[in-house]
């Protein structure tokens, strides 16, 4: 296996280069790209690219998400090529490839945002990638990613899975942190204020104004407390109703899960979703016009036995399946 | 921030001194009182006091709950001042303050019980505190706390969240342990035998007599196995029906949660409640005549990434919200 | 307590030797047999035996299950003698005893399988044990265990709780691994192809053929995604319908639980069952003709605070309760 | 391996029953007695017995040592039968056996001390055991053990390895805790005040009087700060000079090691001995008249990867080797 | 213990308010100031103040040191009042108090540096504190601390314990990070270039120029590889020779210790000092003209069982002892 | 950084492609090759190759070393390009590259050995690599690696750092395990029996014959107990004397370190070397005729905070420095 180029891989439709063949190369062998997919340089090009954004200077509590992309990739070694829940080979019908990490500056949030926006933009325009799945990193990165997506698709509806609104304004005078990306995005006009919603919100806020501000910025709220009576079918329907046919960006803050399912994160709140609920809801994204996605706030120093990493890897797998099945 | 008295704080109604302002002092900065509330000496007085009871000599298995109060406080740094689930600023409508820890003797259960009872009594009578939220410590502490509450309110209904009945009799000849507080309380006549119930009971018992004894001591049982078909609305209704208008003491043994949600405890039992279920049920306490509460059996040496501590902090937050909203 | 033979024990019907009396010997004192039951040499004989099979050379990812039997036993110290959920003293109506571990060769899968089959067979025939509960070890062990059970009972229906089908064919040319026991068993004719099913299946597969092959091998699938709408009553009914009156072997791969509930396992998949759901379903085994069972894939190096071990111990307890109540 | 009595074992001189044969039974298979030695009931009798004393109610900081005996035994599975450093088969020249655990009351220090003294005394007199190695448990247990040893041997010299003096007086009014055993022993006249010393002392004290009191109680101090210039030869010589031909009791508090080598303990102090130093010094005990020993303060909840447990197991092995070689 | 002002404390010379009396208040009870010393507001004033600086935005690898001050304080609960190694009651001859934490901005290194400089300056001038011991936080904080010390004492000799030189220039264009404080300080003229040295340096560098630059900036190097042949006496002598009578600032990066002794840090390098060596060398600071000190780079998310925190607490204790004994 | 080929790298002599430039790409960004060196396909060819051998089916106790190569690589991100201790840029004077992992069969030791031998042989002959540094995996892999080295260099002297002799014969009848590589190698005549030695041996053996056999197989023993009086200079001299000018293969079992320094391993023994000692001795390899090396038995599931991984990374760095400086 000493020559990665010679690694036996599963081939998809039309010569698509798929993941490493686990029946010939044990799962723990070789480098950890997402789902053991080819790097973009190995695949030549990619319809869908996975981009690591290892940045966590925007966090307001426990840091560590800078190690998130590598941890999610390591935790994705068990993913197999066929998704029976939605009936698709996500890596067999589209060329999916791992684009590596953005070399992001940890000492300057402004510089980091510019770099991320540049890297995402270059992939989506220069490199011909049609869809991007970003692995964070903290939630600050959603802003430059949305800017890059907006440059291609115009304003997008955002389906935001999170315990927190992330539409706060400033903190210590800082306008660009992991608590503010969607306020900034709304102010910049890069999201479609008629089609955004948060899913899984819970826990205390600063005040009632948090919710009224949030609403004015274009969001509706599907709180975690509603899950019990709505069930996943009700949640799926509420999301579909809100976003309709709009181009959709899905942002998954892993803290939407209860800390039992995602201990490895920076600002955990009790009372969250289960992994089973989250994955069930995400499967419905195949019926949306999904144009981009991210998974953020995985903080490996607080994870145990890759519980959080594995949940994030499955989130990524469902998003990639939705992209494979999605209408374009 | 070198002068705690000068720490910027959020002010509530009528000059109430609230928690540290997180937009000016990062969450991880400064000492860890519960929810970053003022100490009672800073607040001058308190309507509601949080009291740490770091005692674990009464445990029958894994010790460590002596470190519980500090751990819950550390895990409560993320709590914000407004509770949208019930619509209240719990620290803005009542003066809530942290009363520190009781200096409890680890070498003598009898001495410890007397000290706890004295400290709680002094707060409730001498210091003018109206309501107490105790942070344990093991469940032994519920007995002296109930005695102190009884001295003010007379016999109270107990709503007891736990995997275990805690109405056993003796163990190795010891009458006062974490497995016996409610039997002793019932025998002493300090609880209202017509209004008590356990919620979340599960796992094996010593024999059928455990349940008949328990019933004779004044308790009804809402087992964890009923949660699936009752749902949280059914649980809330069952509790309300049992306690009615009685003054209520809520005792939350964190092992009522499944070990996935609360690994950091001494006698974990599989098959428990989720954090979301527990918090939903606790929110209904605002409709009860809540006169006191405790959160016990958080054993930090067995916790990971503060998962248990954060669950306990949210439990405390809901109980304080209920106290803020409660009828008195 | 220096003489194990003199350890105070709870006595069951007709002189049955039960577990150590926890009111006289603290739970953490003395050796860890399952539930503190007598070893088979102490009990003289046993109606039901618990057999450790500390083997993990068949794993395709994270090893460690070789330490599973000891870990489950250590995690079972809290089990008490009466099961209120189904109303039985599982150790009081049958002589249950711990048969220790099989001394299994880690360097040769073939040799290990032969040893396990021999040890199980010897217990079931030579030693007069009627029912066996095996503690793994990885899932490879199910094959020799099924062979031993088949030798006594003929082809059995298998109720298989797992995230994975385990009916794959070969891996690296190896026919006998933890991913293949039920294919081999079906090929060998030792399971009843009209009565088998998997419960809790989820996550990606290699391809559609995995499912068609599986079906041809005699299995039906009750996926984890069905749990939300079926509820545990629906699952119980589906199982009962499939297995009917057939002799049943229950195989519980602990990864049927979500990684939040069972981090200590080798091939975790997000989106699994909760402990509460699994235990509820297992309780229904009392209405089946249960002739043998195993609990596999507990990998202690990845466990935390015995969360996985405790879940497995409770699984064992419910299976033993079902055996105690079962029709024979 | 289902019959422990049939487990293949290594046989020593004159039919001595030795540890399980690791070339036939893998190390992780079967119950964990110390070094996989026979239980005393299997051996019939024992020249040297290992006794677990799982008690930690005497601790003044982090509890958990109640799980110490089991953890040390689990960590001793790798010990092999021949000690090349001193040239002896410790289990081949004396019958060594595991006497199990004392069933000690966690709720009453006084009761526990009586039980321990009784159990140790019974072994040493009734059961014909000549030497005892106790596995703690916290340091409180040294007092009843010394009493039992004194009953047979009269006053003994104590060689005490520890970060702390453990000759303090009372704490919260309690006279019998893990900080006081050697003061009590000196007061009771059961130790030889002309021949005791502490090794490895370090860290802050309450005051100068701690040292003068300690001296008056019969101890000399070999502080950890002396190790660098004395080396292990100098330490060995200092010990030998102090104890001479007296009957010697060696008490090893695992916190004599630096926390890097023994994180799993209750009152760790930086700046301690290395494992290599401690083991080298202990090897010199073969030249002393060793009549008893203990290893205490191993607190598993704070251990990692059995680092502390393995160090303790090697300490036990060297002590048993010294007993095997010792002059009697 | 509900009134911190009423906490029983040990009193020192001339009414000095010392730490909480551990014989009356168990060590784990009450808030965690360093060594359970009074807060500065309780003490009224302080000769020596301990200041937490919870900042880690300057790190180039693993973050987490923002939680350092709280962790060191928690880990200092076992410190007792008398230091026998140097014969002083460090809290009895000077008023030492805990000044709490600086509320430092995590989103702007420049802003943070200014805040830290201001807070330290205010203590040293406005509040009348004579000596400061800072608890980091990452090494970036040494620069503003040195500026504040320089404002009082003029250029100081720096004795810098670290695996790394920390005289690098820029990283990603950032001039102020945890790898550059001593270059900046030298450039600013606030350190005495004739009297600085590094102790414990090891591991790879970027190039030979790192060392020549470092030398030009005023530092000599005492590498970790010299410890074996110099011994601690040789190291002490080398330090004394270099700094002479100059006012000295001691900066202890906890990664000067080997990762075995300090796993909880951000840029660990194998081959470091032992705790025993470091503490022995630090004791010699009593013979220097010590005017300030810091302990940095304790990153709690990577610590285990407080091993790193306890080492840091002992480092602080020796530095405070040196300050108590020091010539002024 | 989305194109690995475009990653900024440090260039060495004559166009050598070196590691990623950490001043432009943060250390945690991008894939983890050893020391962030180029993959062999990026470098075109390599003078020295690093080869991962993720195999652990040969272990006799705790498994997990299959994850060793990835863990060591992850832990090597902090390595910088210049080694001041020996004065060389190891990646600047030779082309060093990461050859990835061997795809080794976990289900058959025989098959795995053949695959490893083939992969190593192909690199050393077909690919023109002159020297190989292998990252294990368990010690079984030393045999096929020695065979491949022997094919090029003839019989080699082995300098073997380990707690164990690894010259045992069979275990459960298996001749090829992690306890036997050097016996097999000696029998096969591929090592030079006049020039081999073990360093760091300690702990119990099976019997005296272990040592006489070992001697007959060509080894001398430098036990861990000799380190204190020999010091590293004495050890270096002893090694040099034994191996002389022979071609040397260095095999470093990480358990040569004390468990404090290397908890993450499978068969830890207390009383080992410190990292500082091991690194100091390894630096002397620059004066030997080093022709190959391995680092084995790093078992990540038992590691904490990468303590073991970092030690192993530094071991690799010193070995690569020796190869860079070595006489050829």
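In this document, chain identifiers A, B, C, D, E and F correspond to the written order of the chains, with residue numbering beginning at 1 in each.
Just so we're on the same page, contacts are C-beta pairs under 8 Å (C-beta built on N, C-alpha and C of every residue); 3 or more make two chains touch, one makes a residue touch a chain.
This one's a predicted model, so the numbers in the text were calculated from it and none came from an experiment.
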{"item": "Smallest number of contact steps required from chain A to reach chain D", "value": "2"}
{"item": "Chain separated most widely from chain D, comparing mean CA positions", "value": "A"}
{"item": "Pair sharing more residue contacts (C-beta pairs) when D-F is set against B-D", "value": "D-F"}
{"item": "Gap in Å, rounded to a whole number, between the CA centres of chain C and chain B", "value": "37"}
{"item": "Inter-centroid spacing, chain E versus chain A (mean Cα positions, whole Å)", "value": "41"}
{"item": "Residues of chain D whose C-beta touches two or more other chains", "value": "24, 26, 28, 60, 66-67, 105-106, 171-172, 258, 260-261, 274, 302, 304"}
{"item": "Chains that touch, pairwise", "value": "A-B, A-C, A-E, A-F, B-C, B-D, B-E, C-D, C-F, D-E, D-F, E-F"}
{"item": "Chain D partner contacts - residues on chain C that touch it in the complex", "value": "1-5, 24-26, 28-33, 39-41, 49, 51-52, 54, 66-67, 70, 74, 99-106, 119, 122-123, 127"}
{"item": "Chain E to chain D touching residues, read off their complex", "value": "22-24, 26-28, 77-85, 89, 231-232, 258, 260-261, 274-277, 279-280, 304-307, 310-311, 313-315, 317"}
{"item": "Complex contacts: residues of chain E adjacent to chain F", "value": "60-61, 170-172, 202-208, 210-211, 223-225, 227-229, 258-260, 263-264, 267-272, 274, 302-304"}
{"item": "Of chain A, residues touching chain E in the complex", "value": "56-60, 62-64, 66-67, 105-109, 111, 171-174, 177, 301-302"}
